Structures are given as structure tokens and as C-alpha cells.
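Letters A, B, C and D name the chains as they come in the text, with residue numbers starting at 1 for each one.
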Amino acid sequence: MLTGIHIAFAGGDARHLEVIRKCVELDATVTLFGYDNLNPPPVGTTKGRWVPGELTGIDVLVLPVVGTDDNGHVESIFAPGTLVFRDEHAAQLKPSTLVFTGMARPYLLNLCQRHRLRLIQLLDVDEVAIYNSIPTMEGALMMAIQNTDITLHDAQTIVLGLGRTGFTLAQGLKALGAHVRVGVRRPEHYARAFAMGYAPFYLRDLAQCVRDVDIVFNTIPALVLTAEVIARMPPHAVIIDLASSPGGTDFRYAEKRGIKALLAPGLPGIVAPKTAGQILANTIIRLILEKKGNQEGLP
Amino acid sequence: MLTGIHIAFAGGDARHLEVIRKCVELDATVTLFGYDNLNPPPVGTTKGRWVPGELTGIDVLVLPVVGTDDNGHVESIFAPGTLVFRDEHAAQLKPSTLVFTGMARPYLLNLCQRHRLRLIQLLDVDEVAIYNSIPTMEGALMMAIQNTDITLHDAQTIVLGLGRTGFTLAQGLKALGAHVRVGVRRPEHYARAFAMGYAPFYLRDLAQCVRDVDIVFNTIPALVLTAEVIARMPPHAVIIDLASSPGGTDFRYAEKRGIKALLAPGLPGIVAPKTAGQILANTIIRLILEKKGNQEGLP
Amino acid sequence: MLTGIHIAFAGGDARHLEVIRKCVELDATVTLFGYDNLNPPPVGTTKGRWVPGELTGIDVLVLPVVGTDDNGHVESIFAPGTLVFRDEHAAQLKPSTLVFTGMARPYLLNLCQRHRLRLIQLLDVDEVAIYNSIPTMEGALMMAIQNTDITLHDAQTIVLGLGRTGFTLAQGLKALGAHVRVGVRRPEHYARAFAMGYAPFYLRDLAQCVRDVDIVFNTIPALVLTAEVIARMPPHAVIIDLASSPGGTDFRYAEKRGIKALLAPGLPGIVAPKTAGQILANTIIRLILEKKGNQEGLP
Amino acid sequence: MLTGIHIAFAGGDARHLEVIRKCVELDATVTLFGYDNLNPPPVGTTKGRWVPGELTGIDVLVLPVVGTDDNGHVESIFAPGTLVFRDEHAAQLKPSTLVFTGMARPYLLNLCQRHRLRLIQLLDVDEVAIYNSIPTMEGALMMAIQNTDITLHDAQTIVLGLGRTGFTLAQGLKALGAHVRVGVRRPEHYARAFAMGYAPFYLRDLAQCVRDVDIVFNTIPALVLTAEVIARMPPHAVIIDLASSPGGTDFRYAEKRGIKALLAPGLPGIVAPKTAGQILANTIIRLILEKKGNQEGLP
């Protein structure tokens, strides 16, 4: 239970509703900033005004997945305009207060460091990345089904990268009957891909592997689908690039060659906002409880 | 090879292009009726005028998947207007000429019977239904991903019917990590569902099984998702009805209760027109060769 | 419930214990013949003496899976010697009494026909064959693991026949990462094998498909692995023949060529006697209830 | 190619034959010590006498998987008696000569350190452990099929540890239709198990999870199956312990309680010696080539 813990949500995206719901369920005290248009507010929560004074006594601050922009602006889909998260707000928070966001820009990193707040970038947490790989995979399959005129079953596919996303994606493709080759750079990834029944290859051989490919999925945040590689793909091939912006594809060249290439960011929030919210909620709650447990000397 | 065999295509849909390509590849003589706007026509084909005289000598006639309407009109996406398939055309064809369509209405059935033409309704051919179950499954998965806010992984799903489509669909869902219950009426389907790792139930118990369901897929061409059943579903449940029109759902009641229910016909042609064309091509060619073989006393 | 139903077990194999247990659980009256050495008898049962008089009033007679021999002898693993099932015993049973066995020889077929008893050969019942295909598959995998010096993963395997056993077996092999080719004779089996992700071929091409095979599993009860086919296998290949005796392999030739070939009958009773007993129990009970229901006009 | 590289094999197990075959194929110079009874020696190899002088010029030394005992004795299944690997032999080898074994005892570790030889313990190499997890899994499945009277399909199984072996094993079990719970201690393993479709739990809750288990597989090299845990298992449960000797089970208590518990070491060499040999061969060759490449400045 989170009884006695005061959690503030500042700015919000669709996934927050699930997080709020779970926090209330566990008996936390929940205050919402930037939810002006959400009427009535979720049962068990109160709305606050974004002034420093109202942040006193907060134990946990939850920001949207995208965090702040370079000037500290925090967006909310539930309010017009934005909040600004400034030094005077941060100053009200106790040192080592937990601050959650998805991915932080330098502004937020610096702010938290100055005030010794414990910033947690959720998308970086290993378990979150693994859970998120599931809706990401489903979104990628959906895009592949929509953007080709053949079935995934019996299609020639390539997955680049066998990290958290690539692993789950390769599994989903194989499960639907695609032929799956996986491009890696480490022998142990090569071995694991083989054990999973994918056909592995080393990334240095990528250009030789794309000749008969139907769909390439990229999960590597580095330029791997270069002009040289794209030049060897068949004209009907489709690229679905999942790596964080700007992706790993030479999109300019792909367009020139007439190869369909799609950058597909933020799939979990798009294809499964409820599941995506639950993923964040579970980890946020786990980390709050862990901190609480440590302080109280619990296991 | 189809050398010496004269194949006519009358009216056309997107899938025909694949069929035409394969027939030409196997050296058939190919004439196209109702392809006025396709310029130039595919290499190795000639265009004909839809007058009875031009049908003399034809060995095989391929109509679109939807066949004719109740007045003999045949549509073509490659021409304005329609052709009409009349007695005077049929009269030019030798008895037991192969006439291919997807599904035939009474008009076409009667016409072929009168002139003793061998009409083959491709969507009824067992192997075609099995191959088509693959793009149908992929289309159904795509719709489920699009129309829910959760992942298929770990979702509670139900598939109604373990025929050719239901079987493949259940497999796809399980492959992506859904919990799959399958409603059947035959003990051997119950056994096969169990052996495949699905949780089977008898359709008479359907109403008791839907209480916690997230997505119901129907493949049974009979009213199974009655108001009584729908009344017991949770409000967030989604119905994806694949059975041929009018489906097996009480759509009126679903709408009244606010349950999202979608009728999804013709998925193979929508999500994988090229694969769908190849499926038809392969069976058309197999049946032509089989007939040829039988006549020549080949195996 | 089976309240009021009198079930006799005559002779017995290991699987019967599970059937007896379930019948008692459902409140049937159970009498055991030929269980002399089973002391005490299972709770809720009584032992009988195999004399015609004691069969009066019996509603259901359960014989061992192997039934009788050609002279009516019925074996029991729980007693020395055998019982003999004669006309005088059968004469005590009401017409259309259910008599269960696995597979019947002519002696038993004739006896039941003469006395108008309803003989059910369980191994022929579709659902039983499907459920049994699971332990059969596991037994076949076990034998393959034991009898080769390579892993099943990445092995080249062939399954002959896509019936109830072949289907489940191919699935198990694929699940463990083997390459699976399936030999069939029907286009719809070809299509289903493809949809399942196996590589299908027509049996007429078998001889061309065995060149690089590591393990061949046969489920076809006809001579398919002829000398001509075996001659083309690599020397290290292993044949595991599951078809009912004498199997579908030219064992004499295989031995001559030094190819390891194993006939593997009765796997369910060997690798999973408890599961195998439950399979029989479930179907026996379902059929008893069905008969009871029909008589009482129940659904 | 390994042209010009001189590889010595000292002592030998069955897997070495595959390694030798591959080295010869790649044109290495191969000398065998302790292969007296292997006549004729494999094509392209020569036998040597185990005296220091004959080790001059050796680039790579391959010992058996079990390495030396505490006195330097090296076993060979191809010769009576043992070789002894002493300082005077090691002194003949150039510094940073590659010495391969599976697992090294202190004797060998010290010897190599004294003479600055680069000892590689193959079973520790990540890729080897992953490849070996495949035959280990198959061996574990085989043992489970043999040692239970039910099918793996629909069985309640638990896998302890989601390392290299546990991961592959859980996958094999799920593939055959078992219910698979996986005991872990890290949140990211919990997440990955969930994504794979296993039901994860934390090891601290193990005692509560075994009540209805049919088979427990242990891969954790620490005492996890304590008396307390075993006491809560049903009497028919079976433990298959794969962790390196002495395993993670209180075998004494299991026996006392009548729970079948099996320690199963060395499965790859037992169930798939040829595959196991190829795994070693591939990594040995990869590492030799890598070293050669580095020295020559190749990529």
C-alpha cells in the first residue's frame, strides 16, 4: 500500500490516467497539476495550482513521458497551455524526492541535479523497456500488415538489433510465420538468435543480406540502413524504423530510390495506451515501495 | 506448362494481375476482356472485345472473385462500366470448359448449368480457404491491434469456430501471447483445440465464457453472438466478426449496448492482395493442369 | 454423475486404474473382474468372479485396450492367467450394452455382433486419436533425442502423413526448432502444412526429399519407406516408425543398409500411462453420459 | 582458414572428434596426444608422444572438457592411462598460446598463469553456454518424459533461474504445451519471462508456488530447493536438477520424503555429442581466427 505517500502529477498524457488509477487504488494521496479540463477529476484525487507553495510535502513527482522541453515547459493533454517546472518549484521538494519521466532533456537533468532530486527516466529502466517491447512489437506488426501487399507469413524479414525491442519483435514475426533474419554484432546475440530459431548474421554483412528482403525492421539507434544498403534492396521492400528519432535509416536516399521507409516512434502509447500506462504504473509503484522499504528497513 | 491452353479473363480485380502473370509465365495464351484502361496490357496478353464470337476456342474463363451480379453483370476495376455474361457468350464455350469465380450467385450457377460449363467457386475449394485463412488472420490481428487500447499479448480472447479460418486465427493469437478460448460444437474440435494449447469450450456454454473477455472473433456463419451473449460482455469488449455477411453478431444490440462490433469481410484482398492473387493463381493452375492431365491420361 | 450405472472392468492394464478412479468419483457402481492381485481393490469398487451369472445387470463393460485375442482371452496385469470372454458371458448382457476396448479383433467383433452389444473401439474414436497424439508425439521426441547424436533443434526432419498423429508430431518438432518437411497426398493437407509453417511435399516426391534428412517419422500405415526411398537416405539417418504394426518401413532393407529404423508402438501407454488412462476415461464417460442422456431425452 | 596454425589435442573425449574434423577441414596442422587406440587416426592428423620436446611450435592446445584433475592428469577415452600436463610441457609453449578446456581446476589455472598461457574455459564463454543450452534443454525434456507418467503437455512445470539454460529450457517446455512458471530474482528477468509468455514469480515466493507442481527444473547453482520447499510439493512431483554438481536440491530430504529428484549433469555430451562437439569447434576456431586477425591487423 502507498498509504501516507503524497504523489503529484504535473502535466499529463493518456497513460497517466492508468498510473493515477493505480496510485489511488493503493491509497496514495494524489494531487493533479494541469488537469483543468478533466472534470470531474478521477475519484480520490484533488487538483492543485502549479505554484511552488503547493509542492511542499510532495513525496513523488510524476511528469509526462516526454518530460520538459529545453525551457522547462511541461505539456498536458488535459489543459490548455503548459506548466513550467522551475527552480522555485524544485526547491520545495525534499532532496532525493523521486521524479519520474520517460526521457529527460538536459534542462530537467540539470534541474534535478541542482536540487538533488532522484530523477528516474522510465524508458531507460530495463524492465520498462522489456514490457514496452510488447506493444512496440504489435505496433510494428500492424504497420507491416498495413504497408505491404503480401502476408507476413512466409515473408522474408530482417530485424536489426537483438536488444530488448529487437528480441521481442523477432519473436512476434517468427510466431506469425515470417522468415526472420537478425542482424547483430555480438557472438552471444548470434548464438541466442540461433537458439530462438532466427537466422542470425553479423551486421558487417548487412548489404549482402537484403537482396531478397520484403520488410526490414530497425531497432538500432545508429545509421545502419545506409544508402549503400538501401541500394541493394528490391524495389518492393519496406523499411519500418523503430529506433528513436532520427532512426537508423537514410530516409532521403530511400525516398529517392522509391523504397517505402517509415519512422514509427511512440508505438506503445499509440497502439495500447492502457497497457502502456499500466507498465509505467507498475514500475513507478515498485520503485516507490522499494524506496519506502529501504527507508523502513523492510526487505 | 500451360502451352496451347487459351485462358480468358473477363472483368477483373486487383488479384487477377497475379493470376495473369503466372498464366503467361507458364506459356498460356491469355486474352483479357474489360481491361480497357490497363495500358499497355501485361506482356504476353492481348485484349479482346466482349462479343460472343471472340470466345470461340477459349479453354478456361476466369471471372472476378465476386462473379456476376443477379443480372449477369461482371465488374472490372480496369474498365468503366461492366460486361454482361449472357447465354450467347456461354453458348460459344465447349461443354465442361472451366469457369472460375470466387463465389457464384444463382444467375451464374444457372448459366453454367444450362451450358454444361464446369463452374469452380474458388472460395469453396478447401485448399483456397486454408491458404486464405492466413491473410484473414493477419487482417483480424491488425484490426484487433487498432481497435483496442491494450496489447493482444495477455489479452483474453475468444475465437468462435474451429474451421479453416478459426484454426489459423487461434494459432496467430496464441503465437502473439493472447489467452485463447475456442468455442466449438464437436468433441474432435474440442480435442484438437486442447492439443493446440487453446482452452476449448462448447458453444452451448458461450454466455458463461464472455464475462471477462477483451476481444471476440467470430468465424461462424450463423447468429451466435446473440443479444443474450452480448449482454454479458464487459463494456470494453470488442467483437470482430469475420463470418460472411451478415456475420454472426446481433449488431443492432451491440450498438445499443455500446459494444464495439465490426464486420470485416474480404480481408485477404485488402491486407495482402498480392498473396491473395497468388493463392487463386496456384489453385486455378493446379486445376487446369489436373484436367489436362486427366484428359491426356497423365497421373 | 453416473449414479445407478453399473460398470464392469474385465482384465486390465495400467490405464484402467485411472478410468476406474474417475467412474467411482462420478458415483458409478464398479465391479472388477481379473484384479485378484490388486489388494485392497480401489476404494468404492468390489471384485467379482468371472462367471456368466455375475454379469447380469451390467450396463457397461470395459475391456483392456488390446481387447481379446483370437480365442477370446482377455489379459490382466493384475491377475495370473487370463479370462475368457464367451457367448455365455455376452448372453447375460442386455442388447446395446456398451462394450469398450481399444482395438478389436474379429473374435470380439463377431461376439458383440451376435449379441447386439454396442462395441466401441476407442483408438478409432476421433477425439481419442487426437488426445493420444500428444503422448505419442512426446514419446517420438524422446526416442529421437535418445537415438541421434545431434539436437532436434536445427535437425532436418520429415513427417510422413498429416493425420491426427502426424499433425501433432510435426507441431512438436517445429516447436523444438527442427526443420520439418511433411509428406502428404492431398492438396488441403499441403495447404494446412504450409499454413502451420512446415515445408510440405507430395508423397510421390518422397525419394527426392530424403537426401539430407536426419530423422524420418512415419505415421502412415502403408509401405511408404520402401527400399528405393531408404537407399537414398544418408547413412546417419534414423527412422522412427509410429504406424501400427507392421509399420510403413522396409525394415529388412534398412537393416541391410545399416540405417537405424525403430518401430515404436503403444507410446501413450509407455510414456504417459496416467494421461493415457485419463484420455480413455474421459471419452468412456462422455459416451456413457451421451447414451444415458439420449435415453432420458436429455440434451 | 587455419593454414599454418599448429593445433595439439591432448587427451580426448567424444566431442573432440568433431573439433579435430573441423580443424583439419580448415587446413590446420593437427597433432594428437593420447589417441593411441584410435587407428587409423583421423585423416590429416598425426599422433605425437607426450614429451615436452614435441610441444615446441604448438600454437593452440586443446584439452578435454573436464581439463586436468588436481594433479594435472588428463584423461582420454582413446587411450589407456592418462597424460600428465606438467611445468616442463607448459614451458615449451610460447606465452599467450591459447589453451582450451571446458572448466579448469586450480592446478590448470595456476599452471597456465605461471607460464602466461591464455587459458579459455569454454563452458564459461557466453556463446558456448547459450548453444549448449539447446542440447541441455532436449536432455531435460527427455528425462521429464521418461520420469513421469503424464505428458509434458498441460503439465504444471517450474523452471528456476532465467539464465542461459533456464531461458532455453522454459521455451522448450512452453513449446510442448506445458504450463511454465519461472522463478527469478531480478525485475528484468520477471519482465522478460512475462514477455515470453511464462508466468514469472520471485524466488522468495518459491515455497508458495510448488503446491500443485508436476515437475521442477532447477538451473540455479545454489541451494534453492530446500527441505522447506520440498516439503510443500505434492508427492508425485519430480525434480530435475541441472545446476552443476552438487546441484541446488536437498537430495537427502527429497529422498526421505519420497520425492523423485535427479541430478543431471553433462547433458550436451550425452544426448547430442556431435552437436556438442560442433559447438566447441566453432568457438575454438572463432577465437583462434580472432587472435590471428588481431595479430595480423585484420578486422
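As a convention for this text, a contact is a pair of C-beta atoms (placed from the backbone, for glycine too) under 8 Å apart; a residue touches a chain by one contact, two chains touch by 3 or more.
Predicted model only: the values in this text are computed from it and were never measured.
Participant: Repeat of A-B among C-D, A-D or B-D, where over half of the residue-numbered contact pairs coincide, is which pair?
Facilitator: Equivalent contacts to A-B are found in C-D.
Participant: Between A-C and C-D, name the chain pair that shares the greater number of C-beta pairs in contact.
Facilitator: Most contacts of the two pairs: C-D.
Participant: Could you work out how far the Cα centre of chain A sits from that of chain C, in whole Å?
Facilitator: Whole-Å distance between the two chain centres: 52.
Participant: In angstrom, rounded to a whole number, how far apart do the mean CA points of chain B and chain C lie?
Facilitator: 38
Participant: Give, as an integer number of Å, the spacing between the C-alpha centres of chain D and chain C.
Facilitator: 39
Participant: By residue number and range, which residues of chain B touch two or more other chains?
Facilitator: In chain B, the residues touching two or more other chains are 134, 153, 177, 194-195.
Participant: Would you pull the chain A residues touching chain B in the complex into a rising list?
Facilitator: 134-135, 138-139, 141-142, 145-146, 148-153, 172, 175-177, 271-275
Participant: Which stretch or stretches of chain C touch chain B in the complex?
Facilitator: Chain C residues touching chain B: 126-127, 130-131, 133-134, 168, 171, 187-188, 190-192, 194-196, 204, 286, 299.
Participant: Name, in rising order, each residue of chain A that touches chain C in their complex.
Facilitator: 153-154, 177, 194-195, 197
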